[in-house]
Structures are given as structure tokens and as C-alpha cells.
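For reference, the structure discussed in these notes is given below.
In order of appearance the chains are A, B, C and D, and numbering begins at 1 in each one.
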């Protein structure tokens, strides 16, 4: 180790000389193009950091078993990603200091480059577990179509690598205790009662008119079919086949078990992990949505520089590209703690530490 | 003036004794109900402040003419609203520290109360200019249906009062200079060229396959019809009739004029006002969307406490309830500064101050 | 339970009618006084929520022993406080939309009310464990002097109630394992080596001139005396007597143990609790500092409305009023994981769960 | 123009391959070093953008006269800087997801690199107008000492270039109208009355004890001497000589004039510029302070990697390094609008636009 110098350590000679304004090259320097370049470079730096964290999470899972001592580390990595997502969101507000007219002054110099060509963002989605079918297609184009050469190969290659979704699914399936008590019968009764009470809310609400009441009762029946699938592997399989679930029946039940008994010491970290995965999914959904609003404001209903369908496409895509849709379905199946079947003592004790402090 | 005391001035005896937990009344105290009450009370305090600002803006417009010296004040009020909106958004993250299971523990005590019953939020929407038809109906119910007595009357009454949208529309129509030069012919040529160039982007983009290209060209033709309406009062009227525009032809042209010539001294503040109105609209859209995501995560696909259709309804509603949709259409019609017809000198000078500093 | 209605549940009749503008009463209505009132009421609402959380944390500790299953709950409460602190900070930016001139227009109506008279903020400080001597006095006045009647009594009364600082201190003292292995001898060697290496950094740094090098070596010797106190109860007692430490020797060692071996499963939650307590302390320090900057900008070097010493006082106070100063001293005594003495297997196993998943 | 490709346009081959972990080179890969590098590279990217904006502001001033049409542009640039500062602040929270122990695991590999070696941050300070004497020295070292070769030369060279402070000072001195009415006599009376009223607040406040009252009255007399300097060029010159003011007497009076008559149309943008300059100054002060808190938490009282004096130094430095200290003194000299001398009609009209809309 020689004497480390800040400027060299951060390779600032390269970092700070990598902004070449196309407008300047064209003899038509536009001040705001610098912001445009720098905000995108900052995005890519943070994407690299997110990938670095996600790959470390994958490594922790990738060994035969996720060691319990590694749970805090995994959660720390995921929590860091959620903090970075706040930056991603705030960077939109910085970019919005550039108005549509300012952008128009250099937009033509960028054609046909497009944010769709960010390899790293696609890799993040794939590492998390977003699948090709979870994306909105436009005109039949695959999401990798705009990527070139090495970038396209890398993204397509990543589709076959294990995703956090799949590793978490496997880990959930190995949850102990699930078969050791008659949880599901007790739970099924509890949820049946709650369900009926909910239906009664709709029936007796004096503020609903007839049309509204019926619309809600119909929505209710639809929900009911989902409840049944919690207890019935075949109905769950039907849901999976129809694209309504991704997790296996056992993994879904395990996630529900962790959510319901989260107050047990041994489930603190597993529950936090499920929450963090939802935070990350929701964080990207929010970011995509804000990005769509910004694009709409920047270019109106024009086509994007990459010839994309522009803002309308982006809005539709925001909600759809989720990696952990099943986790967001869990709240539907929770019951109040007071109605929760108590755990057998042997299990309850196994979920505490051996020592008494 | 007597001796003012902090505690009395803020009426803290009342403010701090207005949290009555329904769960406690039912002998089933749930810790997190306090958060639930306080976050909603904080929302209502900020809604009151927003209304206070919006009403002052309406007053400034309401006199015969908006005095130019009041423009900075109006913009200051609107900017304050955007700062408050950041609070509204952050409050969601505080509420999200309550998990779905925690909420479930007291949710039944709140039936059938609902956030739909916030009178002030409806008043804010009406003051801005959201109309009944700009909202998503569910099962035929009017947006005021869940409100009771005085609250319902107040909201319905506000529908007939002048909105900021309408006052801004009137103010735009009185914009001077619009008829004093042949702006529109020059502009029409410029935009025609740009439009054709954009279409060429799509046609020649080697990265689009045939299906995608055609989808985009169809979307393009649709945009083209909007361009025509900029120059043709009849076509604009058709758009208005079809619900695609709210502003009159003249007001729309004025907003476009302000956007294009924003660099003129006299248009600095008017342009900033248009930007702030969009910021506010976008701020509420984002808040509604985040609120929908939070609700989905809190209650899953259950019915809401007010018997509402829950999260799905909220997501659809987020995008629709805009007060200033036409302003978001403006970016579609901008052209780069380099192609902008120069202003006649007389007009250009009239838009500067008399003194030389 | 009757039919709950949003407006009644939140007691909005009271909440929304509790803004009485002094400027209006004096026939001199100033628009921005509404913001001033509402932002302070929002602060007090959130202070109530913070107290609600802190008191629940105190209750969890207050029973004979903090049950391990309650650790996640305690950490959840503390994390919520940190989220609320972000709101407190952002509310300053909303208040800053009122400029100094706007404030001046109604400031005289508020004399001699003062933010120093917030009972709840003082209670929060006392619940956390800020002591009278941890505050900057101005002109000999006690921090409770500006409070009246019941508020003053309540705050003074709270000084004798158990604080989170003291409860955490007691809990740290009961940490098991501390006496079960010869940790401190091994650690003492490790830290001795690191210390010498650090000193060498200063000695050999070619970029320091002689004067700077000596200043740093002196600062270094001072740090060294703190290291000695970690291993020597008498020297620790001297530090406590001199006001340099609050925790007992054993509690300080326990906190260090938790920090060093945080990767053990059983220490995940305890370590997170220490981090959260620092987050909260730092959060209030940052808020006080931002508040001081805002005050300086609002009133310049005038006296405050309560006749306070104004902004200069506030800045000095920001850094001093800490509840957990010892925790911030811990980083000084950490050593890299590679140099950490390994735990005996019996202890290491006792800090894992009984089951294998 | 060729076909622009996202990956090439942003030079991602360079940007994303510029993270070389020293810990890895030493065969001791530490996961969190990646975060450390990336957060600092992101800082430097944003520093480049800030410099880009500041230099454009300098250019706008640098011509003979700041054209009024450029005011909105200048304010836009400055406002963008304040938005970027929010990012800088948030990046600290991302970095804080790395705990002290994690940092310790690779800290030794970085010696003696230091954040003090950021050339761009020093350039930003110099462009704004922070002078060598506005910084806290440690052990006699100049702030440029840790910089090497080209970086040091660049920073030292920038000391002689015009700063925004100096350009704004010159622009203020050219403010028209200042000599055209007897503003200062009327104002002097008004402020004299207010001053006496303020003093009376202290004298009659029943809640102050004798010691506190006297301390405040002494502080008050000190303020009074500043008031005198507003009206007396010689006393102002004394303040400048003593380091208490930077602006010339005339520039200070002009800034006060702009602050007091900000409601005039022609002063909207000048007033906003003064506010933005304070925002930027305050933004960096807050950032330095948060940075100091973070450092304290990360390294405790150790020496910094660059052999710096560590956290204590950073805290002292946060408050001191201001570029526009005089602007923060202005609020002390404001008077309520009701007491403001009215402007002569000729001046008032010159500050409006020629046209009536």
C-alpha cells in the first residue's frame, strides 16, 4: 500500500472527465445537458451499488442454508437499498429543475438514446425476480430489444440466474414448525368468522346505495376465492397457473405464518426481511410512477428520444413490474392477534434464546 | 395585548386532549391507534393551512384584476403549498411504521369511518378546480355521499364557488400582446417541421420492429389532431366537448405563449405560476398514488373501513383527479428556443422595466 | 360502538377551530400567523405521539426484566420516533416559507410567548434522560423558568421519573456472558496495537507540518486516557465524576461488548437498540441546530419573542443536550473484526436459536 | 450526429469501472468499501454540477451588467443548487447505513486519504466567496495543505478569481433609487422606535430573573452598535475592519432596501436572489454540521484517515465557513411593513411594467 490520495482513490480524473455534451459537439452548447448527463451517471453509480448489495444477499442465500447469524446482515443490505431508493426519488426532483423547454433545446441531439437502455436497471429487476411476463410490452417488443451487444447479452444471461424471489421462496419452504401443530384448522375458523364480519360491514353500511353495495359484494366473492386457496393446494395451484401467485403453496403458507407470529423472537428478523422486500418493491414502483409523471411533464405526449411510447407506457408499467406480488397479498389474510391460535409451548420455547439475561 | 403564553396561544389544552382511542373505549387498548389518530389530525391541520393559502390566492384573483405586484405573493402562497405537500408525503412513511397486523388489531373499532369523509380534502380539490366528472366513481356513488350534514353541505356548496382553475383561465384570457403580432403563423410552420422530424424518428429507428413502429405511428396521429386544435378554435372546441380540454382556446394559446416566451422579464412570474400549479397537481397525484400503495399494503384486498372498494379504487383515482390537465398538455407543443419566432421590439420592450439599473 | 364518523372520531370540530390569530384580534390580520400557529400545533401533536412511544418503551423496561420477545417492539417504537423526527425537520422548511419580514408583521402580538414554553418537548428530553446539567444555561435561568403552573409542575415532576437512559443502563448492567471469558485481556492487547498504529499515522503523515502534528499528538494523549478508563473501574469513576461519562463502568463495558459482537444472533436486536438511541439523540441535535439556523434567519440578532437570548443561545444548546453521550464515545474503542477475540463456543452457541431451520 | 447509445453517451464503461477497492487489492475484501467509494464519487459528480451552475451565474454577472432578463435564469441556477444540496444531505443518511465497525474493517487501507482533499468542494467555497480567513485553521495549516499538485494549484488559483459574493456586492452597489429619496431618515426613526420597544420587552419580562435580564441587555447594547453602522459609513467601515462585515456600506444598504421593499414588482427577482444565496449558505452549513455528526459517530474521537483533528474540528468549522454572512445580519434591521416609509410615486411606478395586462 502506497500513500493513498483522495483524487486517485476515487479515480476522479476519469469520473470528472466523462461528461461530453452532445449539444456542444454540435456547436450548440446547451447548459442543462450537463445536469442531464450527471443525474443519469449518478443513477448508474447507485444502480451499481444496489446490484452490489443484491448480489451479496444472493450469495448469503446461495450457500446451502441461510445462516441465522447472516439474517441481520441480509436485512442490513436490503435496508441500505431502501435508503438508496430515497436518493433515486429525490434525484427526480433535481432533474425537474430542468423545464420542458430547456430539455427541448438539446433533446434532438440525443436521439435515439433512451433510459430503456440502462443495463443495470434491468439487471436489478432480474436479480430481484421481475420476469419478462411481469412487464408491460409495447407493440410486441421484448424489454431487452433496445439494449446493444454486451449489455443485451448480460441482461438476457441474468434471466437464468437465481433471483432473490426464488431464493426467498426456497428459504420459506424450509421454514420449520409448519407441520408440527394444527395451525391451519384453527386459523381457518378464525378467518372464516372475520370474513363473514367483513361481508356484514358491506351489507349493513347505510351509506352505500344498492349499486355500490352489489359492486362491493361481487369484489368480495372474488377475494373469497383467494382465501380458499390458502388452505387448498389445488386451488393455489390454479391461482399460480392463472398468474395470480408466484410462490408455491408451502412458501405462501410459511410467509403467512411468519407474518402472523412475527412477535416471536426467532421470527423478528425473518419478518423484517419480508417487510424490506416489500419496501424495495414499493420503492421501485413509486420511482417508476414519479418517473412517468416527470416524463409526461417534460415531453408531454411526444415520443421519447428512444422512440418509446412515452409517458403513457411508463405509467402502466409502474404498477406491473413487481418482484414480490404475493407478499402484498398477505395482508388480506391476516387476523387480529386476539384471534390468533396460540403456539404450542414446545414451539414457542424453541423460538427463544437459551440463556436468560 | 395581555401576556401571551405559548400553551394558551396554541390552545394546547384542546389540541392535546382530542385523541380518544376507540379501542380503549372498548376496553381493548391498542397502542398504534394513537398514531392513527394523530397522523390524521396532522393531515387535517395541514389541509386547513392549504385551504388558507388557496383562499388567499382566490382573493388576489377575485378583485377585478390580479395586480402584477401581487404575483410574487400568489406564487409564494402556491410554493408554500408545494412545501406542505412534501410533509403530506412524508407522513405516509410515518404511518407505514404501523404494520397491517397492528392496524388489524383496532380496525374493527373504526367501522364505518373513512378517509373519504375528509371534508377539507374535498374542499381543496374543489378550490383548485377538480370537478365531479374528474373523479373515478365507484358503483355510481357521488364523491360527497359519505359526508354527513354540515360537511356535505359545505363541500357541495363549494362546487359553485370560483376555483383557481377558472380564475387562472380568466386571467390567461386577458393576456396582452396575443393579437399584436403574427405569432401563430410563424409558430405553426416551426411546429410542423418539428412534428415531421419526430415522426421520422419513429420511422427510421432501427431498433423498433414492425409491430411496435406501427403502434407508435398510430399514437402519433392521435397527437397530431391535438396540434391542429392549437391553431383552430373549432377543433379546440371539439376537444373541449370531448373532455380533452378545459381551457378556452384563447386561454390555452395564452398559456402556450407564456411557456414559450418565459425568458421575457414580464413573464417570469406568470410562467412560475403555471409551473407551481402543475407542481401542486402533480403533488396531489403522487400523494394519492402513495396513499393507494400504503392502503394496499395495510389492508390487502379487504374492503376499507368505510366499506370502500379499497386499494384498487384508490390507484385508479390517483391519476384522474387533476385540476389543471391542460397545463400538462403544453409541453407537447413547445419548440426549441432557436426556432422560436422573435418578438417585435415594441412588445419585447414593454416586457422590461422602465429604469436601467 | 355506534357508527363512527371520521369528523367526530378525529374531533375536528375542536382541532380545526383552535387557531385564533392574535393579529386578527388586534384588528391587524396577518396572513402568515396561521402558518405559525399550525406548524406549532403540528409539532405539539407529534410531540404527543413521541411521548406515547417513549412511555411505552419505559413500560417495557419497567417490569422486572425486558423480555427478549419485546425487543422488536421496543425497537419498532424507537424507529417510529426516528421517522417522526424527519417530519419535525421538514416542518422547519415549511415554516421557512415565511420570511423574516412576514414574521415581523405579527411578531409583536406574540410577546412574550416562546417555544421555550413547550412542556412536551421538555418532557421528551426528560424521558430520554437529558438532565438539567446537560443544558446550556443562559444568565442563570433554569430550563423550567418560562413554564407556568401545571406545565412547570409536570416537567419538574418528570425529572424524578425513570428515564430511558437509566433503564437502558440497568439493562446493560445485567448483560450475561461478560464475566465468563477473559475478553478484556485479549481486547486490551488488540486495542493497544491499534492505538499505537493510529499514533504512527500522525507521526509519519508527510502532509502535516510540525505545529499541526504536535496539536494532534496532544489530542491523542487525551484520547488515550479515555482508553485506560475502559479497563479500569477507578479511572472510569474519575471520568464519571468529571462529567465525561454517565454509564457505570459495567454498563459501558456491556455496551462495548454488544457493539463488538453485534454479528451474534442474540445481539442483533440489542445492537439495533443502541443504534436507534443514537439516531434519536442525533435527530434532536440536528433539529435543534436547524431550528437555531432558522431562528437566526428569521429574527437576526434580535431578542426572541420570549425575551430569550435568541439564535446564538440556540446554537450552543444544540450540541450539548444529549441523552446518550456515552454511546457516541463507543466508536472510539472499536477494533476491526479481524482483531476481535473469538467467543468461547459455549457462549457463541448460547447466542443462537435452538432449532435448525 | 451518429446514433447515440445510452451506454456510450454516459461513458458508462469508464464510470462503472472506476471503483477499485483498496481492501480487495490488499486481499482483504470488505463489502462496504464499495458504498464508501460510490457515495464519494456521487458527491464529486454533484460538486461538478454545482460548479457548472455557479460558473454560469458568474458569467451572467461578469458582463458589464446583469441584464434583468437574466435574473430568472440566475435564480433558476441557484435554486437548482439548493435542490442538489438536499441530495448531498440525504447521501449522508445512505452512508450512515455503514456502521463504525464496518468502516473500521477497511479504514486502515485508506490512510492518509481524506475528504479534505476534495478539490471541487474547495472550488465551490471559493466560487461562492468563502475566504481563507473564514475557515477554522487547525494547528496553523492552510486549507489547501492536503491537496496535491494540480489540485492545489487550481484551488489556490481560484482564490484570485471573482466570487459570487463580490459580483453580487458590485451589483448591489449599482442599485438605482437609493439616493433618490430621503429613505434613511424616515427609516432611522422607525427602527429607533422598534429598538426601544424591543429593549422594553427585556426590561419588563416578568419571567426573567435579574441575572438573565442583565445578560440580555448587554447583548442588546452590542446589537445597537450594529444598528448605528447601518446609517454611518465610518462605523460600518469599523465593522468591516473588525471582520464583522464584508459588504461595502452602500451594498449593505442596498441589500436592506431590497429586503424591505421586496413587494415591488421590480424587486421580486432581486429579493429572491438574496434569499437563494442565504439558502445555499445555510445548506452548506447544515451539510457540514451533519457531516461532523456522522464523522463523530463513525470514528468517535479517533484521528481521521487523513490525520485530521476529526469530528471536533468539523463541528467548529460548520458554522464559520459562510460566504454571505452579511445577508444573515439583515433580518436584524427589518421593520414591519406598516412602519415602512412609502416610496415616492415616481420610484414606485418605475418599478412596475409599462403595460397594463
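As a working rule, contacts are C-beta pairs under 8 Å (C-beta built on N, C-alpha and C of every residue); 3 or more make two chains touch, one makes a residue touch a chain.
Since the structure is predicted, the reported quantities are computational estimates derived from the model, not experimental observations.
Comparing the centres of all chains, each the average of its CA atoms, the largest separation from subunit C belongs to B.
Two chain pairs, A-B and A-C, are compared here, and A-B has more C-beta pairs in contact (counted per touch definition above).
Subunit A and subunit B have Cα centroids separated by 28 Å.
Separating the centre of subunit B from that of subunit C, both taken as means of CA atoms, is a distance of 39 Å. Per-chain CA centroids place subunit A at a distance of 33 Å from subunit C. For subunit D, the set of residues touching two or more other chains reads 3, 111-112, 262, 306. Residues 28, 99-101, 104-105, 107-108, 111-112, 138-141, 145-146, 197-198, 201-202, 205, 207-209, 211-216, 219-220, 223, 226, 259-260, 262, 275, 278, 282, 285-286, 289-290, 293, 296-303, 306-307, 309-310, 315, 319, 328-338 of subunit A touch subunit B in their complex. Partner subunit D is touched in their complex by these residues of subunit A: 1, 3-7, 9-12, 14-16, 18-20, 22, 26, 31, 34-35, 37-38, 40-42, 44-46, 48-49, 52, 56, 76, 79-80, 83-84, 86-87, 90-91, 93-94, 97, 109-120, 148, 151, 306.
Considering their complex, residues 3, 65, 68-69, 71-73, 174-177, 206, 262-266, 268-269, 349-357 of subunit C touch subunit A.
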